[in-house]
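Next up, some structures in structure tokens.
In the two complexes that follow, chain A is the common piece, with chain B as its partner first and chain C second.
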Partner chain A sequence: MRGQPSLCDVLTPRSLDEALSLRAACPEARPLAGGTDLMVPFAAGRLPDRLFLNLWGLEELRGITVSEDEVTLGALTLFREVAAHPLLQREFPNLVRSAKVTGALAIQSRGSLGGNIANGSPAADTPPSLLAYGADLELSSLRGARWVPYAGFHTGYKCSLLASDELITRIRLSRSREGGFHYFRKVGTRQAQAIAKVSLAAWGRVAGGRLQELRLALGSVAPMPIRATGTEGILLGQPVTELPFEAAHQALQADISPIDDLRSSARFRRRVAGNLLLEMLRGLGPA
Partner chain B sequence: MNDFAHIGRSVQRKEGRAKVTGAASFTDDLRIEGLLHGATVRSRVPRGRITGIHFEEGFPWAEFVIVTARDIPGKNAVAHLMLDQPCLADGVVNHAEEPIVLLAHPDPLRVQDARERVRVDVEPLPAVLGIEESLRCDPVIWGQDNIFKTILIAKGDPEAAAALGHLRLDATYHTGAQEHVYIEPNAIIGEASAGGVLVRGSMQCPYYVHHALHELFQLPLEKVRVVQVETGGGFGGKEDYPSMLACHAALLSWKAGGRPVKIAYDREEDMACTTKRHPSRTRIRSAFAADGTLLSLDVEFLLDGGAYMTLSPVVLSRGALHASGPYRCPDLRIRARALATNTPPHGAFRGFGAPQSLFAIERHMDEAAQRLGLDPADLRRKNLLCTGDAMATGQIMRDEVDLVALMDRALTEIRYAEKRAAYPVLNATDDPVKRGVGFSVFMHGGGFTGSGETMLNSVAALEGTAEGQVRVLAASTEMGQGANTVFAQVAAEALQAPVDLIVVAPPDTGLVPNSGPTVASRTTQVVGKLVLDAGLAMRKTLLEAGLLQDGDVGTAIRTYVARHGALRTESRYQKPDFVEWDDATYRGDAYATYAWACYAADLRVDLVSYETQVADFVAVQEVGRVLNPTLAAGQIEGGVAQGIGWGLNEEVIWRQGSMANHQMSNYLIATAADLPRIRVFFEERPYAYGPGGAKGLGELPMDGPAPALLNAVQHALQVVPRQVPMTPEVLMDLVEGG
Partner chain C sequence: MSSPKILLKLTVNGESRQALVHPMARLLDVIREDLGLTGTKEGCGEGECGACSVILDGSLVNACLIPAIQVQGASLRTVEGLAGTDLSPLQEAFLHHGGAQCGFCTPGMLVAGTHLLEMEAVHDEAGAREGLAGNLCRCTGYVKIVDALLAAGEGRP
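Take a look at the complex of A and B:
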């Protein structure tokens, strides 16, 4: 290990209020949730941070609450908790599937949804599902709490709306999804412990033979998890028996901007993203 | 069926309990008084001239032990076959990650920090980064022509035979480097002073390390002592590299006045800097008669050896000797060369060159079958070696093994005929998941190549203790494969004693004779036989002393030792009478015996993601007598997993001669979720010169999976894959056009 624990300090607040005060007072303290992202660059000696704000014990950030119209998840909700939740399994299967293909059991028992979002990796597995379900995020600071649509949260590679005194505190999903269809697929080459090369999550609703609602989101094809709004625009309102496959495929290629890196090539990502879209659309059409 | 008391039974692992409970101590677990922690400053460029070494100003360097090439007391070389590889680069660097400066400090984190504060100025020189550039001598970086070794195996007249061919096929195959990913990264503790050198650590071959330290320090042999500590896997990766690490730790200790120094690599450093499987390029030109009879083979087999010779000539030799596969071919030529490139030296890895050349020939046979309009099984039926046939070197196949029957057993198990016919029909629908079934037939020579075993001249011994136990004394190491358990079984069998009576002494060059390196599938077959013979000799001694009347061996030993002070028997390698080998002409018995196998795979390729999933895998092999079924099956399953990884997803990505993806998150070995159930079957034909009839089997399972998988891909997609790893990216290009 090349990280130097002796040079580091950890602040451990006992309440969310105390955490927000510390966050305001020491913006350089890096929030530390499950630590499953942070531990990797730390061990390699590549994490510049020396001070950490430990969120792990904050009960206010835990738990999944269900109301008539919404499900609210604390930022510290673990993948394992998402995967085991019966209502999420029924109404938000994409989120459950993406949690189940994140790392493997150890990571799922320690990694949090808030961390998955805040880390800002374009390859993270739950963001496309959250985007497809139109999630909102609660960002809190001493100044107060605000709800923002998750779709606008990431503003660039590892950049977001999160201010230096804010924490992600909750994630909200609106219910009433009966009659909808759900598609999620991660392509990571390995069946577990894989970082996505491409992933696609979609949610939509067909009514009167037409595609009335659609949200399409992808991972690992842009500097951040993205919604494919151009593609959505081409498909919305179209009869499911005559979906414009070719135009949608072209629009998707314009929506994404993948790169070559150690894990794959831009060419591969473009083609597989297109294949996933077509697979998703075929699932919509008449059998 | 089984006439033995211990042989052929799944006796529990000797060290199993300690490993499972965590009681086993690996090198990094040892608590040592006054220990210093070492670290290595390395080259960042593949080739260049060192123009300066700068230590950051204002940093407390006085707290550190610092070693450069100038501090080396003897010759600056890590001795393997040659002395071309420096222990620390001096003046020039020949590969990225080449060690230049060593540092040590009592605080392991301080020394990591310090490593970033040493700057080495290197004026880059043009580098050779692959087989093609090396062949073009553009530029020459080693010797006269970049060639470490050339081998020619020739028989008959391949050109004339090819002229009569109905089908002539010319194809080139590529295989990539592979990282071992043993669980425990390399780690060594060295202590060195004028009084002597002691090195303890994770290693396969204590006497190789001993040899390197002896050359480096120029001390008398008995002043160098090497002890193997519990070792968490090797797969060949701890065959030659520990010599380098041992030299480094010992040099730091030498400079520190004899204080112990530990160098334990973390995963990133281990993956980036230590050896990997040799990348290869194999061109095969073949000719077949219309009925599928193989008429001639002309094989050019090239290995990328990296920057220094290390073991490349020997790897090349095994690869060349397996290049014609298990086939009868009257007219053939195999030309093999190991080439220098400016990458870290490639080294031993389970299979040792054979997986590379067998991949090529086994893919080639399926291509030929397709071109001839024959089923791959029928093509092999025509050409598989039979007992009494001549192999490439003129070796007469003595093993009484029926390869066609072996193949048919695997094909029956995987339901080959049925799937071969059914899958093309299923694949014609627009389901993006395509199915294929394929297989490979292959062999693996047990023990050192040619006259290697005779030159090793190995010795193993048994010693009775005052407590009435028997200690096995051998330099062969336990690294997770089960050597200690097999030795105990064999010794107990010979002595007609319980297995618990046998203990295996730690491989310590101060204590054990040189039974040779723990490599080449030789430990059970060759050293196991020495242990058996030493056991028989000990039993004879006890019988002659009249101590075995009541049959209690423990009491007999205790009495003997009490009476005579000591009880020790030894056995030295004797080659089987029939073995004749000529190193100059490459004619004769390349190996005393071979293990034989047919592996078959049933797989799915998803044309949405281009991912390949193995649905079923059958491994049928003939390995002589199986000494311990659980351990043997474990070896096969592990080797198959490694072979599937090499075939599909384990890609070393090179950037400027250095492994860019040196992390487990982006070098993708198979997880349990990626593997099928591996169904293992043994045919047992006792081998007269192995202990209880056993042959070597450790490397065999690495040879077969990759070609079997790619043959199944050919069946599934009607494409012609010629390279591994066949990653989804490669497959996409094959299917969709590059």
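Take a look at the complex of A and C:
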């Protein structure tokens, strides 16, 4: 290991209030949840941070709460907890499937939704599902808490709306998905452990033979997880028997901006993203 | 400049243990170097291979990805804790089916397999393979490891 634990210190708050006080007083302290992302560059000596804010023990950030209209997940909700939750399995299958393809069991026992979001990887598995379900995020600081749409939270590669004194505290999903359709597919070198080359999550609703609602989100094809709003615009309101496949495919190519990297090429990603879109759209047409 | 160390108190394989460690020391290094339990292996050091699998408060985790500060007061089981006077049924099954070749992945496989059996998550070959998906083996091709896990799950040799 080339990381240097001997040079690092950790602040461990006992409550969320104390965590927010420490966050305000020591903005240089890097928030640390389950560690599944941060410990990799840390151990390799690639993380510049020397002070950490340990959130792992904060009970206020745990738990899944279900009301008539909403499901609220604490930021420290683990992938394993998402995968095992019966209501999420029924109503938010994309989120469950994306949690189950995040690493493998040992990663799912430590990795959290809030950590996944805060880490800001464009290849993260759960963000496209959260975008497709129109999730909102609660960002908290000593100044108070604010809810923001998750779409728009990531402003660039590893950049976000999160202020230096804020923590992501909760994730909220609106229920009422009856009659909707769900699509999620991650393309990687294997099912477990592999980081996505491309992933696509969609949620929508067909009414009166037309596509009345659609949220389409992708991973690994832009500097951050994105909504494909141009593609959504082409498809919304169209009859499902005559969906404009070609125009939607072209719009998707304009929505995404993949790069060549060690896992894949931009060309492959464009092609696969298009194929996933077409697979999803074919699933909507007449059987 | 060195950061202050913490006195880490853990239950390890049923015994109370203590170690004076840096808070960001990896649990893997604490186990191997401070506790002297070298059965837990370092493969990739980045959560990909599962060679450092341990059971922490009932959850299967990669010890390479956990900082010491997050295991204060925890209960830890390593491969050294699997056998009692006799080998565990899973260990016996690994012997019977030839589930180990070079042996480097074996501690992680045994720990992950033990966890799956205790969670009653091994019902068929697909379940066994999915459960072990985070543990890489470069020798066996997995067939004999999966055979051993299924056998232990069915209570046969």
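Note that in this section the second predicted complex is superposed on the first by the 287 of 287 C-alpha atoms of A that agree within 3 Å, B and C clash if a C-alpha of one lies under 4 Å from a C-alpha of the other, contacts with A are read in each partner's own complex, and residues count from 1 in each chain.
Everything that follows uses one rule, which is that a contact is a pair of C-beta atoms (placed from the backbone, for glycine too) under 8 Å apart; a residue touches a chain by one contact, two chains touch by 3 or more.
Values in this document were obtained by computation on a predicted structure and should not be read as measured data.
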| item | value |
| --- | --- |
| Which of chain B and chain C A:G35 touches, first, second, both or neither | second |
| Touching partner for A:V66 - first (chain B), second (chain C), both, neither | neither |
| Touched partner set for A:G103, first chain B, second chain C, both or neither | second |
| Partner chain in contact with A:V148 - chain B first, chain C second, else both or neither | neither |
| First, second, both or neither for A:A24, with chain B first and chain C second | neither |
| Partner chain(s) touched by A:W56 [first = chain B, second = chain C, both, neither] | second |
| Which of chain B and chain C A:S6 touches, first, second, both or neither | both |
| Touching partner for A:V240 - first (chain B), second (chain C), both, neither | neither |
| Those residues of chain A which chain B touches in one complex and chain C touches in the other | 1, 5-6, 40, 43-44, 104, 191-193 |
| Touching residues (chain side chain C, partner chain A) in the complex | 1-4, 21-26, 29, 45-48, 50, 53, 59-62, 64-70, 112, 115, 130-131, 133-135 |
| Chain B residues touching chain A - in the complex, by the definition given at the top | 109, 112-113, 266, 268, 432, 607-611, 613, 649, 653, 660-661, 665-666, 668, 670-674, 727-729, 732, 736 |
| Chain A - residues contacting chain B, complex | 1-2, 4-6, 40, 43-45, 104, 185, 187, 189-195, 197, 262-265, 267-268, 271-272, 275-276, 279 |
| Chain C contact footprint on chain A (complex, rising order) | 1, 3, 5-10, 12, 32, 34-36, 39-40, 42-44, 52, 54, 56-57, 80, 103-107, 109-110, 191-193 |
